[in-house]
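Same chain, two partners: chain A is paired with chain B first, then with chain C.
Right after this comes the complex of A and B.
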């Protein structure tokens, strides 16, 4: 089961787009088996499996994940488009034992889908979790500006 | 004023809608799998097509578990039903004593 590197130009851009940092420029390790997926989710601090790409999400819930990350100023993350690869689409569901997409992994650990990420965003947990990964949320800087007024 | 209007609105809502078969089935499964649940609300948010559900469930069985674990419990409970769904939204909570 070798993943087909996407022949679609847009998707290819998503793999290599420098704006998202080094995480996206590598190809996924071959296969969508547990071992390969394990490597994928651990390779980058923030890994998301979406329907579509960060530039063009194909689903409202995947878009929600993209927008939340954008709000926090997280730019360096790996985004895998499950619509590109049916084996990946099913494989990741089996791997995390979670029936839906999007799926968010922080530091190799499955965090949840868009509902959970939204909840974490609203209750401040996401800022904390990002801090643990050495990522400073952009929202902290907003808050400091407000405090100093 | 809103607090007075709300129960009336709910009443009117119930008059014009009834639970879909899907909502009833999912609610039933949840009642069986979470016998200590204090509140279960299943809403078909796909316009009655059974494609997408919003599930709200409150139970002490969720105590001290991470949200993702709580959601996993619901996923496990609805494993069969989920096969026929396009998606679902889960909101779990622990009863406030």
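Right after this comes the complex of A and C.
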């Protein structure tokens, strides 16, 4: 699993824009208090806190999260880089009462870190959870192709 | 508080009444104090993954702030038996 090179040069200018589009890095709304974090995790269906960005993950576990989302064809998610902001880095750990990064939120709810996301990917739970959010996993389409051969 | 594999193994065994615990020191791979653990305990029965992981986190609440990277696998005794059969 190697990080993909950035396809979008405008990603750097997304500094002040909320994250939308294929995993563009997001700038957190001002403050990292519980209220602000609550808003951040609820603003988008899929929200991840990473070390680094989807274009350039800075940690193997964060990269694993990015790659799993990519495998499922999840392109529209908010990604926050905790390395940019020490307050965010600690704040999100306090908010979810979870000691490590990466952190994955689906529909505003904390789901877990890389281990859990990987297990959900392997046992089919991730496809189901994405379905509940109205996101069709790309892996379902792969299966369909095989079935019709 | 000590951060050795043995210490963590014992603490997890006691705290979670575990049937089986494995602790691997993955520090060399991560360039900072890191561990990968496997815990097999009946306490995980009927609990979703996140809850299981939280139990482990609580057990090591004192140590985790000093650990840079932490991977965990949590199985019930039944799951463990099945996995070993593979």
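As a working rule, the second predicted complex is superposed on the first by the 123 of 149 C-alpha atoms of A that agree within 3 Å, B and C clash if a C-alpha of one lies under 4 Å from a C-alpha of the other, contacts with A are read in each partner's own complex, and residues count from 1 in each chain.
Please note the rule applied: contacts are C-beta pairs under 8 Å (C-beta built on N, C-alpha and C of every residue); 3 or more make two chains touch, one makes a residue touch a chain.
Given the structure is predicted, the values throughout are model-derived calculations rather than measurements.
By the touch criterion defined above, A:82 lies against neither chain B nor chain C after alignment on the C-alpha atoms of chain A.
When both complexes are overlaid on chain A, the residue A:40 reaches neither chain B nor chain C.
In the superposition on chain A, A:126 makes contact with neither chain B nor chain C. When the shared chain is aligned, no partner comes close enough to touch A:69: not chain B, not chain C.
Residue contacts after overlaying the shared chain place A:61 against chain B and chain C alike. Of the residues of chain A, those at positions 61, 97-100, 110-113, 115-116, 119 touch chain B in one of the two structures and chain C in the other.
Contact residues of chain A toward chain C in the complex are 61, 97-100, 110-116, 119-120. Those residues of chain C whose C-beta lies close enough to touch chain A in the complex are 49-50, 53-54, 57, 64-65, 67, 69-73.
If you check the complex, the residues on chain B that touch chain A are 67-68, 71-72, 75, 82, 87-91. On chain A, the positions that touch chain B within their shared complex are 61, 97-100, 110-113, 115-116, 119.
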